[in-house]
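As written, the chains take the letters A, B, C, D, E and F, and residue 1 is the first residue of each chain.
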Amino acid sequence: MRERLIVSASPHIREDVSVQKIMYGVVIALVPAIVGSVYFYGYRALYLTVLAVVAALVTEAIIQKARGVPVAIRDGSALVTGILLAFNLPPGVPWWIPVIGSIFAIAIGKQVFGGLGYNPLNPALVGRAFLLASWPVHMTTTWLPARGGTLSGTALHGIDAVTQATPLAVLKKVSEIIADPSSTTHQVVQAREALADLGSADTIVNLFIGRVGGCIGETSVLLLLVGAVYLMYRHWIDVRIPASYLLTVAVLAWVFGGPSGFFTGNALFHVLSGGLILGAFFMATDMVTSPVTPRGVIIFGVGCGVLTTIIRLIGGYPEGVSYSILLMNVATPLIDRHTRPKKFGEVKSSG
Amino acid sequence: MQSVVARSMIALTSMAAIFGAILAVASRIFVVHRDPRVEQVLDLLPGANCGACGFPGCQGLAEAMVKGDAPPNACPPGGAEAAAAIADMLGGEAGEMVRKIAVVHCNGGLSNSVQRLEYEGIEDCRAAMLVGGSPKSCIFGCLGLGTCRLVCPFDAVELDEEGLVHIDRVKCTGCGNCVEACPVNIIDLVPEDVKVHIKCSSHDKGAAAKKVCEVACIACQLCVKKCPQGAISMDDNLAVLDHSKCTNCGICAAVCPTHTIVDGVKARPKAVIGGGCDGIGKCKEVCPVKAIEGEPGERHEIVREKCIGCGLCMEACPNKAINMVGALGHQRGRE
Amino acid sequence: MHPPTSKEQSKDVGITEATLPERVVIPLRQALGAPAEPTVKVGDEVRLGQKIGEANGFVSVPVHASIAGKVAAVGRFPHPLGGEQEAIVIEGDGSEAWDDSVRPRDNVDALTSDEIKSIVLEAGIVGLGGAAFPTHVKLSPPESKPIDTAILNGAECEPWLTADHRLMLESPAEILEGFSLIMRALGCERGIVGIEANKLDAVETVRKALPGGSKIRVAALQVKYPQGAEKQLIGALLGRQVPCGGLPMDVGVVVQNVGTALAVHDACRLGRPLVRRVVTLTGNPMSRPTNFMVRIGTLVSSLVDEAGGLDGDVAKVVSGGPMMGMTQFTLDVPVIKGMSGILFLGPDEIDVGEPDPCIRCGHCVHSCPMKLLPTTIEKYVMAGQIESAVDAGLNDCIECGSCSYVCPSRRRLIHYFKFGKYLAWERKKAAREKAEKEKKGQ
Amino acid sequence: MKAMGELVKGIYKENPVFRLALGLCPALAVSTSVENGLGMGAAATFVLLGSNIVVSLLRKVIPSKVRIPCFIVVIASFVTIVELVMAAYLPELAKSLGIFIPLIVVNCIILGRAEAFASKHGMGRAMLDGIGMGIGFTFALVLIGGIREVMGDGKLFGFMVFGPRFQPVLLMILAPGAFITMGLLMGYFNLLDEKLRKRAEARKAGEGGR
Amino acid sequence: MGNFLRLVGTLAAIALVASFGLSAVYNATHEIAEEYKRQEEAQARTEVLACEPTAHFVETLTDSVVSGKKFAYYAAYASEESDEVLGYTFKAYGKGYSSTIETIVGVDATGTICATETIFQQETPGLGAKVVEVASKNTLWDVLAGRAEDETGTEPWFEVQFDGGVLADLHVVKSESADGILAITGATISSDAVTNSIRDGLAMLLSIVGIEGAPGESSGAPADPPPGGTGAGEDS
Amino acid sequence: MDYGQLFAVVIGAIFISNFVLMRFLGLCPFVGVSKDSDSALGMGMAVIFVMTMASLVTWFVYNYVLVPLEITYLRTIAFILVIATLVQFVEMVIEKTSPALHKSLGIYLPLITTNCAVLGVAVVNVNEFMVTELPRNASFIFTVVHGLAAGIGFTLALILMAAIRERLDLGEVPESMRGIPITFIVAGLMAIAFMGFAGLKVG
């Protein structure tokens, strides 16, 4: 027996889990998608990811050193931020984009608030929004076609204006053509054909496999789901967030997303395209920036879904996942504040 | 062109008059009694309603100040002037009081006392008491986790590597927060001019106390016997100092075998025996530290290393042959 | 929440009577509430079962000599609940003779409710599950709160501990009689014995021991932590929610531990005060995990020696279970009435070091049986916003330890809740004192 | 010496923007370039100076109940003068400052100083205070404007700083860039303050020790 | 009552003085400001018709109303006596990000844009304000070192894009490879505002003065592309 | 009456060009009163009320005093006079008639006199709805609705910020960034998030 025993508060045993384990769990869950990105876009995808990760780790270490707190880059949180940031970049961006994005994400998105656990917004998304606002050309035109597929993942039917577009951008374009009263009949016919193709089984399969253009990590739904299932199995993400998020998008897209009136939208296309799967499973579920209350996570997921659909359908951007998650991050403290669960034995919620 | 001038003047002046009238009438109809002090403070505030203070406007801040919820310097635009004026206005109650300073009655650090357990938990003495008590074997002693530092609003408490607490005598305002927060009740407010402190709170018997702490009071009674003012007494195995009697002579600190009593006087004078000495030896008798040597009838000498400057010999010498020198500016007790 | 139960080590080890200690240290504070007043002084001869401390107030129980001998000292000694407490030390003379006051009763079946309550009080019985709440208080609910159901708590959801389990296997009949007496004292018709489903042998044994036509039924409970906490147990068995800040009696229920039932039986049937209890000595560093029947006041160190000592490095000694028990800094603490076990943990079984920052994963929220937001409350306490913490349910926390157990950042949640409750209480006290002062001033 | 003190206190010690957190709206809205910052700063300084003088002169005749409306009228008059004069003689600047010229009226710096300082001091000191605060405000605007112009547009005073290959950080010109620049600058000033205070304390302690 | 009068009186007196002072300043300045504006526009009108050097006389036509919208334009002649229209100018109002951008457009007799000049905008410097920005090759260091090249008379690159344009060319694109008006990076709203206002004005002018190229055929231009340079290459 | 356009004005004032986050108006109270949620809500409600009222009153002053007299150059001074009086008057009325309302809302009123968002909304109203070619009754409705929406936008930003700051207060923001600096950083990030609304096509 020791000379001096340890005295501490109960409990005296702990579950075998740690922040580090969870973070590396997320990294493991992202590995299939990383491999997929290399397959679809070549080694450039890996190169950009590594750059983002290194920049994130170095920034974190430097700031922690400067702040005089222990350097904790081993906890894996900066690693996850770096990977997720890279995942949100088009594969053709110049090398400095992921580097500057990571620096901003870690410095302004996280460390300025005191580091892990205190940042109100998802750092990776802060980094991406910063890049999108600062260098919109790089962030919206440097797509690459996926191996074994095309950029838009579908036939274009002479919509020549969209040769550089991702599926969602094609959708936005054709919807605009259809909605524009000044479009010629020929244009509208072409647009309708393209629209039909977007919803075809072929396109859906392409989207699911990942044979479409898009950001580095967001294209292959299949590989992302593999990782997501692992995380759900470990109970490291709250299933209610992606579930309510995806369901909301699906329903709203079905109801409002159609070109020919209500209830004609293609829910499956909306769920599978863009960064929705990546966002719903890996970014909306970011523990630090999502609510902790049971009702709160549902509100959070539904809110993300509503905003995503609004931005996609009538917003200025083809894709709205990152902004909607950021907006709901902003609202998270408010949600938490007003969704405190009823205590066990609480007779009546006192307001 | 003149008409623009006329139109402007008529329009603006009449608007001002109408609005002024509305306000004047309204202020009479909707008059609400307010605390006059709030009004006074409001007068002293800039009235910009900028919100920089975090209160809802100057009115809100004024009310908070009167209630004591906000310090007089809470208004950034007002600056130091407003702060001083407000403090002047509100702070009429302070009155004249002897300034008191917090003193921690324990000197048992990590290296000179025994630890009985390894504490893992919140860095707060009160929290430690909740799960198992003091990490020290001496249950009366300072836990060394710094609750007093946490509760000190003036940043006046420091914790050293020994786990000992030091109070900054300049910053301490004697607010007593630490006294209340200390779970082992070893902090006490002591008049500022008392500079000799008994740094132990152990009521254990001498041997037991000594076993767990090198600087514990072992209740040897030496200080009680030697104190010329009779200011020290024994209470349940612990020396206790009567602050009103203490003259800071430092004799107790000098005689304490365990160095439990700490002399906070920075520099003390030394006695010097002048030519008037006729060797009657009165001084030798009264010297508590045996710092005077000499044969009867001969001129006595002071052993400077031993002299603590208590001045007893000077008072005892019938020939007034002894002087206290050195320690410029040092004041002896409270005359 | 399913922490590993770790009960294999001692669940098949029968209860053995520990050797009669030569010296016992009997703390005057055994239960919640005021400590007992000593009624003996140094040098007095005492007999086994003789009352040596008188109850001091309603929420207080007397203490009795657990061995016969001479009072050697009355003074402060280390106490398993922390710090030092007033205790009576008896040097034993080896005699096993009971005091004259201890006389078996044969009219047990004729005892009235009030008689049972006074016997329970005189016998110094407290809840033996761990909280050590005076049993006579629990048996005397105000008339406005009629009790319809009594629950016998055999859940023993704390990992490692097997004292209740063994007791149910070895003395089912006595326990059931004690329970019937409790029901009679409460005047209630329905009795349920709740046992976690990982102790099916106990369920079986107790069921078999039920006399024909008994109003008591035995229920097997889902294995989960903290199933044995009063409010959760009532919820699981009856579907009733004890209101916040309320007691089980508010929903017509009283919960008693199986050990308590045995003590009630002993007191009523045999006339014996509470001078012994079952203690599980377990943990990986123990050479022979054991369930001992121990005299109150026996020093833990002597029990450890008797059980063959320790053969591994011990970093923590816990009185009680690993989830809610209290760490000890010395083995020279006496067994008290509420001590259900002593658990030894090696250095690799505990974690030390600074916690990581909270990542708001919400695991604590999911695990909280009281449906609180532990992470939020912790942050309020850390920031000193005690009122906000109380608003958020600080005082509803039952300190079961679930949140800290699952926390990946190893936050000191429970410690902060204990601390917060203390601060809230301090604040309340200060406010009350201030109000009183003002009242006096006027 | 004292006059100097009144003048320079606004730059660092009592900088209205960084230290007193006043006049934040224009500090962010108009700070997209150094030029705009200078223009706004000059306009605000003029109004500050004018209103400080008038308020200081009138301080004895205005009853306290209508104090605020009176001050506001005075300030608004000066603002309108600036607006009119600028439109006539500096039309380009008037165009780029736009809506924010009328909003000088509600710039808390001006009313704040009128109340806190001018209404309690003589004209001389009030003037100095006005100019000092104005300089501090202008300094803050130029600093923020400079950072945002250089990073967000790659330019300073309208001239390229880094050469044509620099791809400016557009965000800095946009609203978020203004907020973040402001936040970081304020944080930096706090840090600086802390350092200066520590140094002063150390010096004092050193002196005390001797 | 005396107090009441004093309150009202003080406020009114201050307002009186203030309004007097202000109206004086107003009298002294507003003529200058308006004159400046008039001259600026007059000069701009001449400049945007620089491709018709003989046009030196511009005459106001009365405002027309086309499908409920007011529209005003000037026709330019060689001289007061001449009735041969050499070109037209009109002012286009486009609602930008933070202001209404006013552009004077010069059109020759065939309906081709001669030149444009933006005379009023309060867009964000560095972004929307680039509609009037002159692309300079000089860096700050060049200027400081006195190496700066003379660039007076250089036109803003965004405005220059309209020169020689016809109705069908007036739509915003985001990559240099495409035909159309290249948007300012990150300032699509401002770019759109200018381009669309010119397009609408030109269409209106053409329909009023009866030059070929009616509004209906201008539809090749996309309707309100999104701002912020965002859409993943919706444009050709 | 174009309801689509009206809706666009509302969405525009609340989300797309939020008064605080995109137009930088009303920053002083935004920073000052966003420390706790309750004050933020009270302040927000007061601002909504005053902005709507100020829009209404200034519309009358502009259209029935300044325009007929051709002295629109005096609009700044006239507007601020109106707003200051309005605020003070409303405060007095509320304080007398409903102390409870005054406690929860009225105490924030004085803070609004110098809230540049209020004068800002009046000035923007003039620029966007009065000097343009809107028919008079439409300009009135647009003005009032815009005032209301701008107030809601301010309140939205304020309560979101208050909730975030309450959370940050419990966190570990570096010493030098505490208080106003971190509020600005959060505002910046909120503005980034609000950029997601840019280009929203409504109405």
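Just so we're on the same page, a contact is a pair of C-beta atoms (placed from the backbone, for glycine too) under 8 Å apart; a residue touches a chain by one contact, two chains touch by 3 or more.
Only a predicted model underlies this, so the values are computations on that prediction, with no experimental measurement involved.
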item: Chains touching both chain D and chain E, listed by label; value: A, B, F
item: Shared chain contacts [chain A and chain F, defined touch]; value: B, C, D, E
item: Path length in the contact graph (chain B to chain D, fewest steps); value: 1
item: From chain E, the most remote chain by mean C-alpha position; value: C
item: Most widely separated chain from chain D, with each centre as the mean of CA atoms; value: C
item: Centroid distance [mean C-alpha coordinates] between chain C and chain A, Å; value: 50
item: Centroid spacing, where centroids are CA-atom means, of chain B and chain E in whole angstrom; value: 72
item: Approximate Å spacing (C-alpha centroids) for the pair chain C, chain E; value: 85
item: Gap in Å, rounded to a whole number, between the CA centres of chain F and chain C; value: 60
item: Multi-chain contact residues (two or more partners), chain F; value: 28, 31-32, 71, 73-74, 77, 81, 85, 88, 113-114, 171-172, 174, 177, 182, 185, 188-189, 192, 195, 198-199, 201
item: Junction residues of chain C, two or more chains touched; value: 326-330, 352, 357, 412, 415, 418
item: Multi-chain contact residues (two or more partners), chain E; value: 7, 10-11, 14-15, 18-19, 22-23, 26, 30, 185-186, 226-228, 230
item: Chain-to-chain touches, reported pairwise for every pair that qualifies; value: A-B, A-C, A-D, A-E, A-F, B-C, B-D, B-E, B-F, C-F, D-E, D-F, E-F
item: Touching residues (chain side chain B, partner chain A) in the complex; value: 115-121, 127-128, 130-133, 135
item: Touching residues on chain D, where the partner in the complex is chain E; value: 32-33, 36, 58, 61-63, 65-66, 69-70, 73-74, 76-77, 80-81, 84-85, 87-89, 91, 95-96, 98-99, 148-149, 152-153, 155-157, 159-164, 168, 170, 173-174
item: Of all residues in chain A, those that touch chain F in their complex; value: 67, 108-109, 112-115, 117-118, 120-121, 126, 129-130, 133, 307, 310-311, 314-317, 320, 322-324, 326-327, 329-331, 333-334, 336-337
item: For the chain A and chain C complex, residues of the former touching the latter; value: 1-2, 4-15, 17-19, 21-22, 72, 75, 77, 114-118, 236, 238, 287-290, 292-294, 297, 336, 340-347
item: Touching residues on chain B, where the partner in the complex is chain D; value: 16, 19-20, 23-24, 27, 43, 46-50, 52, 76-79, 81-82
